[in-house]
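Two complexes follow with chain A in common, the first pairing it with chain B and the second with chain C.
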Partner chain A sequence: MHIPDGYLSPQTYIPMFVVTGTFWTAALRKLKKRLSVKEIPYLTMASVFSFLIMMFNIPIPGGTTGHAVGAAIVAVLLGPWTAVVAVSVVLIVQALVFGDGGITAIGANCFNMAVVMPFVSYWVFELIRGKSTKVARLSASAFLSGYVGLLASAMAAAVELGIQPLIAAAPDGKPLYAPYPLSITIPAMAIGHMFLVCIVEGMVTMLLLRYFYKHQPKLIYSFKEDY
Partner chain B sequence: MKSKIPSFLLNTQPYPKAGGGTVKGSFIDKGIGHISEFYETVFLQWELSQKDGLFQRLNAKTKVLFLVLYLFVVSVKKDVPSEVLTAVFILPFVTMSRVGILAFYWKVFIAGLLFGFIAGVPAVLNVITPGEPVYTILELRRQYDFWIYHVPQTITVTREGILAALMLTARVANSVSITLLVVCTTPFSEVVKALKLFRVPEYFLMILTLSHKYAFIFLKMLRDMHTAKKARLIGSADAAGWIAGRAAYIFKKTQLRCEDVYKAMAGRGFTGEVKLAKMQHTKTVDIMAGAMFLTLWMLLLIL
Partner chain C sequence: MIQKKLWIGLAVMALMVPLGIIIPEKLGAAGAWGEWSSETLRLMLDYLPEGLQRYTDLWKAPIGDYSVVPDSANLFIKSLSYIMSGLIGAAIVGLGIFIISKSAARREK
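Now for the complex of A and B:
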């Protein structure tokens, strides 16, 4: 889901940098208020945790393995604003070190995976969990938070790619950037994610949350107000 | 661009079994393989950035400016010849930077093929990009219309579609070559410091630098845990449970390390004000290179 360079027109990637930049500024301000001088080590370690989560492969049907984005579990464990910074740092390092995702697309990729996904995941988790502490309900909330969060993120990417033929085509209609219209990008991303990748994300989120709930419930950001 | 790390240290292939066949690695092994890839990539970049080439001699600020300006020019060009011209302009820089031209362009070719050509191939058909037919692929009995989709009776390759796929391939390949050139010739910490040019807050840059460094420490821990588990277990174990447990352990460790790092920072007089180490001084060669990049950039923009 990392959009490479060359797929987005300047009309898209420049505004995406502005929008994501606004979220980064808001997140850093919010966290500075909460953490004061502890902000740097806290966010560093949150980023490292987020980076490591992406290293864990789990088997998926069909004999292959996949890894999670990890934004959902980071949002539930550390809070959505922390996830905005932590996942963004990981995406920037990935773009600069591994070439996963383009440099011009950093704004868009961070918006999809480090803004949309943590907030949607967190809200879904809170909505379904309510105040319940039953393992079954918590598991369902965690699975759905990962599943829906990633799906929302994929849809954001699909829209960014799908509007390219509309906003940045040559006068003769030739697409200049991502060539597929919304009628193709949305179903393509939705089907690919709904039946495979979102399940992986949901499972990783559920497995980790269940473990944390059993052994270290006080560390979970979402539960903190319950204690 | 071959690293000097011995191959046996990077081996993630299945191990040979006595009596033939191989021992299949588990999915956890695959994850551990990712860690080796991380080490190799970072080591390779560090090794290339120490060579005596054109880009290695330049200040990171000049290179980041080159990266941003040239990625922009690649993204605004609207035809294939302009993209080819940009590639021609970049070629001498790659050659003079001694990054191993064949391996460098092999990587660019693979990226262009995967993310440009293969991803763009379906767009050559008139189903996606209508236009002047060049080659007929299939003749259906009739045209099909359902919801917002329209499949014409004759499925053809269109001129506009071919140009769109070529454009995407050329743009992806050029972007990859520009990014690789800068990333391979500049240590990561210098790239991050150079982002100050764009007024990125220093504490955000510090988080980036520290995360990159601590990722190494924790990746090593993760690998050690896996090795310890493999050495103690014969047969299968509850792998999903093990992963959840290790992730939780890593989380707890990061929380503890956060406290340690904070105490170390506070002990050294940290009060919340971040000052990153100063960047290398701008030398005459940087000014000359910057002027050359800017001139060529303007030329490319006009052409």
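Now for the complex of A and C:
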């Protein structure tokens, strides 16, 4: 899901930097307001976790791979705004140091995995959990939070790639950037994620939430509003 | 105490990352959809989109593809190199986020 350089036209990647930049500014402001020194180790671990989990490439039938992002559990545990910062740092390091995702696509990739995913995941978790603290309900909320969050993220990437042929073509009609239309990018990204990678993200989110609920429930951001 | 356990969990994860290259290789899964190299894309399309060509070599990552060894190396060496990349990346990410959060956090006793 890390869009490389050259796949997005400047008409796409520049606005994406602006949009994501707005979220970065707001997220840092919120971090300044709310983050306490005690939470720093958790934030650091959250980022490292997200970085590492993305290294576990999962084979998808059809010859491609996908990977979990970890943004859902980070959003539920530390809040969506904190997740924006934690996952953005990961994606920027991946682009600069490891060439995973393009430099020009940092705005778009951060939007997909570090903005769309944490917020969708957090909303889904809150929506399904309600005010319940029953383990079964929490587990279901966490699973769906990871599942839907990752799917939304993949769909955002699919739309960005799929609109490229509409935006820029050479005089002979050949696309200038990512070559496949929405009718190909959406199913291609959706199927592998829906049947495999989203399930993994959901399971990871659920298992970790249960772990924290048992051992450190006070840490869970989503619960703080209840207290 | 829980923090120590979590760090241990992350360390175990860091040592297990080779699964992320071994399993796909055994099952013949090449890479992520939509993240093809320009050579692969040229083979798929029979041409390389002009705009894409202009950007494709924009950035030379110091540890491209999370690998410090040639692609021809055997899977064991590749696994070690993948773990090494993971540790380097985790250190940079951890340090980066630590600096950002340290400068953002409100002071408490």
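Throughout what follows, the second predicted complex is superposed on the first by the 196 of 227 C-alpha atoms of A that agree within 3 Å, B and C clash if a C-alpha of one lies under 4 Å from a C-alpha of the other, contacts with A are read in each partner's own complex, and residues count from 1 in each chain.
By our rule, a residue touches a chain if its C-beta (ideal position, glycine included) is under 8 Å from a C-beta of that chain, and two chains touch if they have at least 3 such contacts.
Here the structure is a predicted model, which means the values were calculated and not measured.
Novice: Just checking: does A:189 make contact with chain B only, chain C only, both, or neither of them? Give me first, second, both or neither.
Specialist: A:189: touches chain C, not chain B.
Novice: Could you tell me if A:210 is touching chain B, chain C, both of them or neither one (first, second, both, neither)?
Specialist: In the superposed model, A:210 contacts chain B only, not chain C.
Novice: Figure out whether A:159 sits in contact with chain B (first) or chain C (second), or with both, or with neither.
Specialist: Touch partners of A:159: none, neither chain B nor chain C.
Novice: Would you sort A:177 into first (chain B), second (chain C), both or neither based on which partner it touches?
Specialist: So A:177 meets both chain B and chain C here.
Novice: In the overlaid three-chain picture, which partner chain does A:96 touch, first (chain B) or second (chain C), both, or neither?
Specialist: Both partners, chain B and chain C.
Novice: Check whether A:24 is in contact with chain B, with chain C, with both or with neither, and answer first, second, both or neither.
Specialist: first
Novice: Touching A:53 in the superposition: chain B (first), chain C (second), both, neither?
Specialist: So A:53 meets both chain B and chain C here.
Novice: Classify the contacts of A:77 with the two partner chains as first (chain B alone), second (chain C alone), both, or neither.
Specialist: Touch status of A:77: first partner only.
Novice: Can you list the residues of chain A that meet both chain B and chain C?
Specialist: 4-7, 9, 28, 36-45, 47-49, 51-53, 55-59, 65, 67, 85, 89-90, 92-93, 96-99, 102-104, 170, 174-180, 215-216.
Novice: Report the residues of chain C in contact with chain A in the complex, numbered from low to high.
Specialist: 2-3, 6-7, 10, 13-14, 16-17, 19-21, 23-24, 27-35, 38, 41, 45, 47, 49-56, 58-66, 82, 85-86, 88-90, 92-94, 96-98, 100-102, 104-108
Novice: Under the definition above, what is the set of chain A residues touching chain C in their complex?
Specialist: Going by the criterion above, the answer is residues 1-7, 9, 28, 31-33, 35-45, 47-49, 51-53, 55-60, 63-67, 85-86, 89-90, 92-100, 102-104, 157-158, 161, 168, 170, 174-180, 185, 188-189, 192, 215-216.
Novice: Which bits of chain A are touching chain B when the two form their complex?
Specialist: Residue list for chain A touching chain B: 4-10, 13, 24, 28, 36-49, 51-53, 55-59, 65, 67, 77, 85, 89-90, 92-93, 96-99, 102-104, 170, 172-181, 183-184, 207-208, 210-212, 215-216, 219.
Novice: If we count contacts the way the header does, which residues on chain B are in touch with chain A in the complex?
Specialist: It comes out as residues 27-28, 30-31, 34-35, 38, 41-42, 45, 67-68, 71-72, 74-76, 78, 111, 115-116, 120, 122-123, 128-131, 148-149, 160-161, 163-165, 167-168, 171-172, 174-176, 179-180, 183, 188, 191, 201, 203-204, 206-208, 210-212, 214-215, 218-219, 222, 240-241, 243-248, 250-252, 254-255, 257-259, 261-262, 265-266, 270-272, 274.
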